[in-house]
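Naming follows writing order (A, B, C, D, E and F), and every chain is counted from residue 1.
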């Protein structure tokens, strides 16, 4: 565990902590001596740093994308805090706790996985239950599910965000089906469980959340259809039409061609899955947007949704007596 | 109450019932005598009818769009049942039960309205509660709310369909908010109640469901903002920002400019309202689509959604043993 | 082989041939006797037919979608030829030659398959060659490939149309790569071979070309990725990145989200494959459009391309001397 | 009235004038002393300024968004003029003339309002005339109309710009109707008067032109329908259909859903209003775009219109003799 | 001049007039004798006709698209008037007045052309005036301009409609420029004159208004640029930039790529021309739409504009006293 | 020919070479003395430069967009090489070789033109051959064709790029037509030759590749139709329909309205021309994109195509044994 995070560094503070080197540039002063300009980051943010002494020596010991131990002092430069480095040395990746460098869910992944499995074990259709169990029995898949983010930026963009979103969606499904007759809840639950599972392969999330090559070239929809196809192939007597219904939900869950679904939702359950998936993501995203500026009732602009949001509150009204 | 509905008329059956005249054309036989070709309808469907005798006489007594009492016999012509009319006479509109001629909700409007009011009376914010009560206290509004359809064709296209949809949405809201913190349930409930209330003015629904002139020229979004503006003006000390939040939900609930909302949803509650409104409408519409052809697993094509739907069922699988 | 095709039936001709019953309706004459109105079709077109005698008797012996043997005489009614039927009886499907009832390619499927295999056996990359051979070794796949149409309506909409299009595309690829350096021809050939192979499952083509349920709910892109995934799984040491490159071409070959590709082409070969696939389909479609009306220089309107085409010809010019 | 505007400040000039503080940042020199970097603005533009001496002292006396009196000297830094400040002190907002800090129309608002009222008093329909008079009789509305801008950036983006645009549009309407029969000029004039009147609430324009919360959440179309609804409610016997026609023009005047009109123009007058409104705005905007660079025949890029404009001139041709 | 028009034919009337044969089909009665079914049309509409006697004889004498003289009697059949023909014979095209068979402008083309020339001769720029005169001096161009329609269906779809629209636009331009400074009226007038002149080649209008091959393959924008290019080439010293400004107005006058303009309007005059052209067309089209049904306040649906229009009228209000 | 290019300048190197001045700014040091900051460029890239001594003197001798001879020394500043200038003086444009300052094709324009002419002289249709020869006989056109770029940025954005692309397209056409019957190769070749010829007027390419005023206001499609119209006018007996077919290919070759073609391709040859033109451009562009970062398998983002590309390679696989 890191001792000090970027967001907590204050002017004049002594710094001795671990960071990821996001960029590294060498410069030369007017006096002709070398210096280094670094960008250091951890899960709380990014800070600039300078090495003014022994720059060439120290610079040989690490590269961009390395983890380093940095010692120095925080100073103010042009209104911003930066670190004036005395010493910096490369740290082996094995000694690093990934969650120090990437944001993570506020909920415990083990607890969330237990809750998710409990819900899915309520499925009555034996084939669909077998499919869920086949996934639970895949340790690599479960390991990745506990870690993977929900997205790079749009919603749940942090470690275990995929699991957090999936669990929230399953619980939402259980609520919503109470309001209607004739919805196939087993189908909807398995669809909720698997709709984003391909994201465990779509993203890399060791130093930063980014797309993998296969994420970029195939996308999680196609990859999770392949995963389901393999799991089902190993289950005896899995009905062909049921397999089709499950895969259709995965393929169509983005709801429209322009969002990357090659087919529109064409079953009631596929329609509901798309709708609730979209809603759960939006609620998380909106509730976690920072303010536009301190004290503003407006959030920062959300690029994918194309707008800022106004923080409504019917309780905190204008003091006209009754509330 | 009508004695016999179009959908129940069989070959050779004697007919004596009330119908609406959807079209009326006079023809001349090769022999030179007049005859009438009519289209008759009630809420169950449409049937062709012919007057071969006394056509000019009988024809003088009624026009298109009149209600008539028809006596005659059902016969088969080119594979279709039609009525060979002996007698037909105009019936005064006052003697007609509207629900005989328009489809209506399967639920009782009085019961639904009671349930809706009970939910809304759980609102804690006194201003929003006062707004709901102001609506309940408007007898004309309540009378129309009990009758109005949800749409002309897209979803809930039948008498009391608006009330049925509104109630279902409120119940769905109550379920969904259990899954999240930080949602302003009072706002969301008042938004759910009022989001389509302008439809009572947007549609005429005496003989057929159709757009009114103001429905076509202003639309229900704008008309319900005016309604809310007037109701709020009569409530003492209604906070200005709260009024803005309510109106914003109405104005934005279609979710996108291309669907007629002049503003995108920009509060969390407006986002949720749009999403659940859309979902509730779609569930009703999909579940009530007829089959493409008898016995097909596919529904008829839904023009507004641009697709047919496949009737999924994880329970009735292909008999391969395990279910 | 049928003795007489719809397109060849002339007024007064005696008819004794096999047809598919496209529709069947019973009527009653003014005199009170039954008659049948049928639509009969074969690969050359559709014709109306009437049974005026023994209609109830004969009508019991067959249904819509049955194949029948029809005897009767062609007559002119309201300017159109129709068949006045003397006798009609159901024929067992096993006695029918499918190509009598569906249009088929002008080329021999066995010959085309041989040519296709010869081209693909020129692939130098041993993994991709193994993938092609794995497909050739799947007899059911090869059987379907020889029969499947290229589309329902857009291009190559006839039996063996898929194979005809695939072969033409491979030959086009071999031409085009001669004009450029640096194109990976092995990749492009395997992509050309497999880009539409999922259509063997997307369409049913026994009595008419139509979408299967899985064709409608998953589409050929996703189904062929599954097929390739299974074939590759059975090949030892198939490089993971190479599998990714192959699947990417399949997934992206429609070229844009709005045409059902969840990913844009992102390799040079995927870009070229999309372009040449599109071009080959268009050339076939345009060259086979009927004239707008006899003698017109304009073709009928092509719905998917949204236009008619003008038959250009630089050789048949207006006789002004020089040509 | 300010003594010196940003646009007039030259190198070495002594400065003593009022400005709005657009940003304020504190820095520390290498030598360890504090300094302030400010952005100052008035209606003529923006200038950078530095406080090198007594920075902490002076900095305590004002914040961002305050008006200040600044004394100092203009210097050149990296090719740009900036102010080296000797003294800066907060000025009470009441002592400021708003038009010093925001651009304003070149025409006098009182004169324009007189002219506008004279035109509208030519309306013959007594109900519409009464509606116009009801607006004239609302002093707060008239006060705001004289000040409000036409937009934040697109066209007439300066104080009194709304009034200038409205007046120009009314005069344009009077010209255009001379060319046609059958246009309802009274309707068109009242539509022209009210089509943007909601902008008085949509924008705040004390220190900068910006959207208000209600401008962002409801928009001027909806707000002006509410305004008209209230004004009409206070006029005896205002015909319902006439009210509908007026409101329809307001609601539809952006001409298309994607520009925020929930309804398309569906009366001849609504169509004309949309067209002329759009044209008047574009003429103002194009004629006031700065040049791309000094001497260029091309204007700067107009973001909303998505293009630059070429300054056509048939009179100043290339000197080839005849002009 | 025709003696009797389709729209004026009543039941039992004797008919002896000229018509265009829109379709011609031969049938055979149950009794085995031939008959002909014709569609006849003139500028007022279309009527069905039957030849029951000497059908084969008479039928040999004319074909579809011929003009014929028809004698017979109007009878009622299935509620519609049709002509029972006694005699029909082909009439030479030279004996036909084109305006009997195509709708035409209510204004006299000679008068309109005089007025148009008078306006254009007010142009002060000598080059542009020379361009106008070069067009006036082209007799074939002037002949076609007097006849050509404004469109096939959208607006001014009748003989001399192009000239009517062009003249109305020029007069509108003269009105609008009075409201602004800095508009180059000479440029705008020449643009108004020439913006649709290519329509004389885009449409054929001898028997029906239809697209020519070059209209379909090039379009009037490109064809009129070629025309202007040739006219300018014949004028000495025409400034190159002025030619560019003229052509730019032609090329861009549809206002957007999706309406077939390869370039957006990029001069003030091109922007105004597009706007006023569009407005003038819409006013004509809306004012000439038929009612949806007799007595309706709504017009028929206009396909290109995607809506019906409501006939507003502030004068005929609901009788509440004051109007 | 330049002695030293920007891309070859290394730290500490002495510089004496010719450059184009892309920007020039004067600054003042804290010490009060003037200095100049310049951006210098040639075809290989851009470099920053400073004049610290005699800045005002030297600065008077040249302006932005001048060519200069620069003497100085390369130094490292903030990680980047810049030139510390000792002397700089303006050089007359006549002494400059254009290809030193703009990138150019790797192929020799004379050779390419010969090859292009040889191909086109294979055209059999005498009218089309005459059209090609008429272009070859226009020395100014040929001079420009040898120099013009293919685009500003999208593909072939370098001197002689237009010729390189045109030649490659003609050769591609010759390959592709071998695969099909019924393509009019003469038409396709003349279309390939002329489809972009208007670019010689659309771009200026003396110091940088940029749009001319007529390029911006008319575009190359329209300008090349004018060119062809003039060439054809000078050829005796050129058939009108053949001219139409040629012009249609030019007008439609962008394939869609949104890409600036006023008409869709409506002949087989126009469809093929659009497709192959697009493909040839994309292949050049993709193969010449730089890497995203050194060593990456991904290219830089291509703005017009909206994506990066992955460098596929079936030969260099992951060493898992078999290749």
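Methods note: contacts are C-beta pairs under 8 Å (C-beta built on N, C-alpha and C of every residue); 3 or more make two chains touch, one makes a residue touch a chain.
Because the structure is predicted, anything quoted here is derived from the model rather than measured.
Shared contact partners of chain E and chain F are C, D. Centroid analysis (C-alpha atoms only) places E farthest from chain A.
Taking shared numbers over all numbers used, the chain C to chain E interface scores under half, which places it in the different class. Mean C-alpha position of chain B lies 43 Å from that of chain C.
In chain F, the residues that reach two or more other chains under the touch definition are 213, 216-217, 241, 245, 248, 266-267, 310. Contacts between chains, counted with the stated touch criterion, involve the pairs A-B, A-C, A-D, A-F, B-C, B-D, B-E, C-E, C-F, D-E, D-F, E-F.
The residues of chain F lying in touch with chain E in their complex are 213-214, 216-219, 221-222, 225-226, 229-230, 233, 241, 244-245, 247-248, 251, 257-263, 266-267. Residues 25-28, 37, 213, 216-217 of chain D touch chain A in their complex. Against chain B, in their complex, chain A makes its touches with residues 125-128, 168, 171-172, 175-176, 178-180, 182-184, 186-187, 237, 239-242, 245, 248, 264, 266-272, 275-276, 278-279, 282-283, 286-287, 306-315, 317-318, 320-323. The touching residues of chain A, when paired with chain D in their complex, are 75-79, 297, 310.
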